[in-house]
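Below you'll find the structures, each written out as structure tokens.
Paired with chain B in one complex and with chain C in the other, chain A is shared by the two complexes that follow.
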Partner chain A sequence: MDIYLLEAIINGILLGGVLALLALGLNLIFGVIDVVWIAYADLVMCGMYMVYWLYVGFGWPLLLACAVAIAGVAVLGVLVHVLIIAPILGSAPINQLLATGGLLFFLQSFATLLFGTDFRNLGIRLPIIELGEIYISTARLLAFAIALVGAIALYFFLKRTFIGTAIRAIAQDRDIVGLMGVDQRRIYLVTSAIGGALAGLASCLLSLQYDVHPFIGNTFGPLLFMICVLGGLGDMIGGFVAAFIISQIISIVGYYTNTELAYVLAFAFFIALMFVRPRGIFVR
Partner chain B sequence: MLSLAAVSAGYGSFQALFDVSLEVSQGEAVGVIGPNGAGKTTLMRVISGLVPLRGGAMTLDGRSVGGLPAHRVIELGIAHVPEHRRLFPRLTVEDNLRIGAFIPQARARFAEQLDRVYELFPRLKDRRHQFAGTLSGGEQQMCAIGRALMSRPKLLLMDEPSAGLAPLVVEQVFDLVRRIRGEGLTVLIVEQNVQQVLDVVDRAYLLEVGSIKLAGTSSDLKGHEIIRKAYLGL
Partner chain C sequence: MNARHATVLAGLAILLCVPYFTPTYFLHLLIQALIWGFIYTAWSMMGRFGFVSLGHGAFMGVGAYVPALLWNYYDVTPWAGIPLGVLLSALLALVIGYPCFRFRVVGHYFALVTLALSQVVMLSIIAARDITGGSLGFTPRAVGDSWYALQFSEKSYFYVIALVLWLGGLAIWRWIDRGIGREALDAISEDEEAAASIGIDVMREKLRVTVISAALTALGGAIYGQYFMYLNPETVSGISVSLQIVFAAIVGGMYDMLGPTAGALVTISLNEGLRVGFGTHFIGAANTIYGILLILCIVFMPRGIVGMLQKMNKPRPSAKAVPAE
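Take a look at the complex of A and B:
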């Protein structure tokens, strides 16, 4: 096999990890609370600024900066729920879409106001691993591995704990869980915090690879929604797999042609699949 | 144990219950019978906190429980097996039972209580890794009852446990109710299946258009003219 194609495939897998993590967060929130956080990618932007300012601005150790950013975005997630979603939970879904869509513009504009449109990076250059003739970025490998650990941790949390079981149950029948002692509002808060924490973790991993600027969310936000719809909104496993399908398409097509065409083809593939499987690739 | 005094409740402008008074004592099994639309399910939902009280008072062991939300009521020892079972279909049997033990005092004794429920319903143990949605109707009812028992309740509310089940399975469900009574649990059961429920309970109330029309021991009610004519077809 073409050695550069193999490299492209590996890069595709590595790219898929962080997208899969974000798809899990978005699907978790959609499945449980039944809202789509349009501004989800922009929470990642906030997290990346947190990492940047704590690490570069205040000179904190990187791990501490990351830990605080994860907690910070988790708090942000709770605030999104309490301030924006909870007051309009009973209203038409379009209102919730518009409200979180408004948040997207708010966050992007606010970040521009605060930090300008400069591209900023952590200034960390992790080494490149050489495997024969294949070159792999350590930052990407690390991001992939940590994203996977995050996904596995989430899986065990949902599968093995009482709260996790309640989160899965509420996604299936939200009106009856009160009879089991589950306070719906509390589960929504926990879910929003987890969704935020996953975005926070993703922002740490992306900070190692990309510059942060107020519009960084736009570069992967649309991709993320495409992945979630492709996997079936609310279907966590479907979204997880779809992240790798899409990132493979982008990586392989990008290798043969260029990145722009790769995105065009990925979205074309998405539209075509929506005709065949409108409710997601793994719909039961 | 449970006492309702002149309770009224409803949805929007529709009033479903009018001045309902009812008593359930420790260790008793009490039935509420009546036709479709009489307010039986509303009564159960009021007791478990899913539907708010509009008037009257409700006490459990002398403590006022009217107006508490459902997730607080179960902590006081009232578990509700809802109409149509309402299992989580794409959760395994064991996960359905796990969520039954969600309240703090039940979590601590989850493993022990799980063994008890499996002992009571060995079929559930055989099927513990299956999705609840794949169970037969009778097994689903076992799972729904098991889920309620996981919270270690003092009082079990059962809403139409025989609804939608084949006649043979209905027999099995009433056997289940007898077994639960054998465990010493207090039971309040709502049923349209008048003949069979009167064989299981000690006392019963007749609920019609939101009001209690009759009350008495099972044998009294079985002999009562209204019940014989309208509900037993004698």
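Take a look at the complex of A and C:
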């Protein structure tokens, strides 16, 4: 087997980890609150700027900066819900999607206003692992591992705690859950916070690999929605698997041709699959 | 009715005289407002029935790039290139629309599938950088004033072209509004199953309005290209244009004929005002305010500016359900 192809496949799997983490967050919010946060990838951008400024700007230790960024994006998530989603919870779902689209505009331009369009990075160079002739970036491997841990932690939180059970229940039937004595508004807040925290975690992992700039959300935001829809909006396991399918397509096609064509094919694949399996690949 | 006709005629006369007493700069803004107003109107033709497409960047990109590429590489006059681009866009709308409607891809799913479409077109343009110039953009070959090439140095020519385009858009809006299809589309946007059960051909009605909307958007994109003489994949296709179109239509009010145009006027004057006011010091200031305005609009006045004004003028009982509040 071609050694470079193998490298591309491994890189695809590693890339899939962070995408899967983000897909989990987006799907959680969709499943519970029934809202698509178009600006989800831009919350990640905010998180990356937090890590950057705390670590490079104020010289905090990296782990502390990351912890604060995760908490910070979680708070942002709650704010998004309270300020934007909650007032229009009763209106057509598409209005909520568009309102978060307004947020996307706002976050991107506000970041441009504050920080300019410069690309900034943490200046951390993690070593490259050599496995025979295959080179693997430690930053990616680390991101993959932590993303996986995050996903497993979320799984246990949803399965084993009372509030996790309530969250799953609300995703199944929002009307009955209220009768069972669950405070719907509180669950929405917790869900938004978890969704934000997952975006925060992803932003820490991504800032090790990529430069941050105001429009970084555009590079993987659309990809993220494809992944969620492909897995079935709200279906967390489906989204998790779809993340790896999409990232494989991108890295393998990208290996044979170029990145743009790889994305074109990934999106075209998505559109085609949408017609075969309109409610996600795992739903008949 | 006569008074109304008189008002419309007087308005038209004023609009036609505008180039004679307007400074070039304002004429430039007006042309932009008319072209964008036309595109926003085209989007609203679907949007008002609840088919929220985030794929209009794709149609605009095809409409803008096809005639420009044909002109530069094969010397095909835009008079042939533009209809071809429009036709291709209409075909694209059919290819995406048919399966979408066939398999009941609606709401979020429709928005996201069309979003993917606009990304496909933008990334394809970037990927074909040997032909299209990729992210650096594409400049149609300039030949000076020529009807054959549809290029004019004098802005008043484009003003009239844009004006005719915009009026045509309004005429088509009215035609859809008055036609039998309007009732059918209203019914479909309320409840597809129920509409089908009373004998409405859901597929045909939806496809028709989608194709019209896509074709007009492509036409707008083509005129945009002829006027600016520069195309960039980021500014005529992809997610940002798609969102720009949707938002301006919402801010202006997508349920009224003049709403999308009002959206174009407001967004362009806001952008220009902030640009002139702040200079280039605050890149992004305009869009920051725009973003806040947008969220406020969707939360507090989902019918947009024009809808709001109408409501203040005459609180009439509206039979049409609005997907809001």
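We take it that the second predicted complex is superposed on the first by the 283 of 284 C-alpha atoms of A that agree within 3 Å, B and C clash if a C-alpha of one lies under 4 Å from a C-alpha of the other, contacts with A are read in each partner's own complex, and residues count from 1 in each chain.
Simple rule for what comes next: a contact is a pair of C-beta atoms (placed from the backbone, for glycine too) under 8 Å apart; a residue touches a chain by one contact, two chains touch by 3 or more.
Only a predicted model underlies this, so the values are computations on that prediction, with no experimental measurement involved.
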{"item": "Joint occupancy of chain A by chain B and chain C, clash or fit", "value": "fit"}
{"item": "Touched partner set for A:Asp183, first chain B, second chain C, both or neither", "value": "first"}
{"item": "Chain B, chain C and vertex chain A (Cα centres) - angle in steps of 10°", "value": "100"}
{"item": "Chain B versus chain C, judged by how many residues of chain A each one touches", "value": "C"}
{"item": "Partner chain(s) touched by A:Asn95 [first = chain B, second = chain C, both, neither]", "value": "second"}
{"item": "Chain B versus chain C as contact partner of A:Pro222, first or second or both or neither", "value": "second"}
{"item": "Touched partner set for A:Gly239, first chain B, second chain C, both or neither", "value": "neither"}
{"item": "Chain B versus chain C as contact partner of A:Gly150, first or second or both or neither", "value": "neither"}
{"item": "Nearest-approach distance, in Å, of chain C Cα atoms to those of chain B in the combined model", "value": "16"}
{"item": "Contacts on chain A seen with chain B and repeated with chain C across the two complexes", "value": "none"}
{"item": "Chain A residues touching chain B - in the complex, by the definition given at the top", "value": "162, 165-166, 168-169, 172-173, 176-184"}
{"item": "Partner chain C, residues of chain A touching it in the complex", "value": "36, 84, 87-88, 90-95, 97-99, 101-113, 116-117, 214, 218, 221-222, 225-226, 229, 233, 258, 260-261, 263-264, 267-268, 270-271, 274-275, 278"}
{"item": "In the complex with chain A, residue positions of chain C that touch it", "value": "50, 52, 96, 99-100, 102-105, 107-109, 111-113, 115-117, 119-120, 123-124, 126-127, 239-240, 243, 246-247, 250, 282-288, 290-292, 294-295, 297-299, 302, 323-325"}
{"item": "Residues of chain B that touch chain A when the two form their complex", "value": "48-50, 69-71, 74-75, 79-80, 82, 86, 88-91, 95-96, 98-103, 106-107, 147-148, 151"}
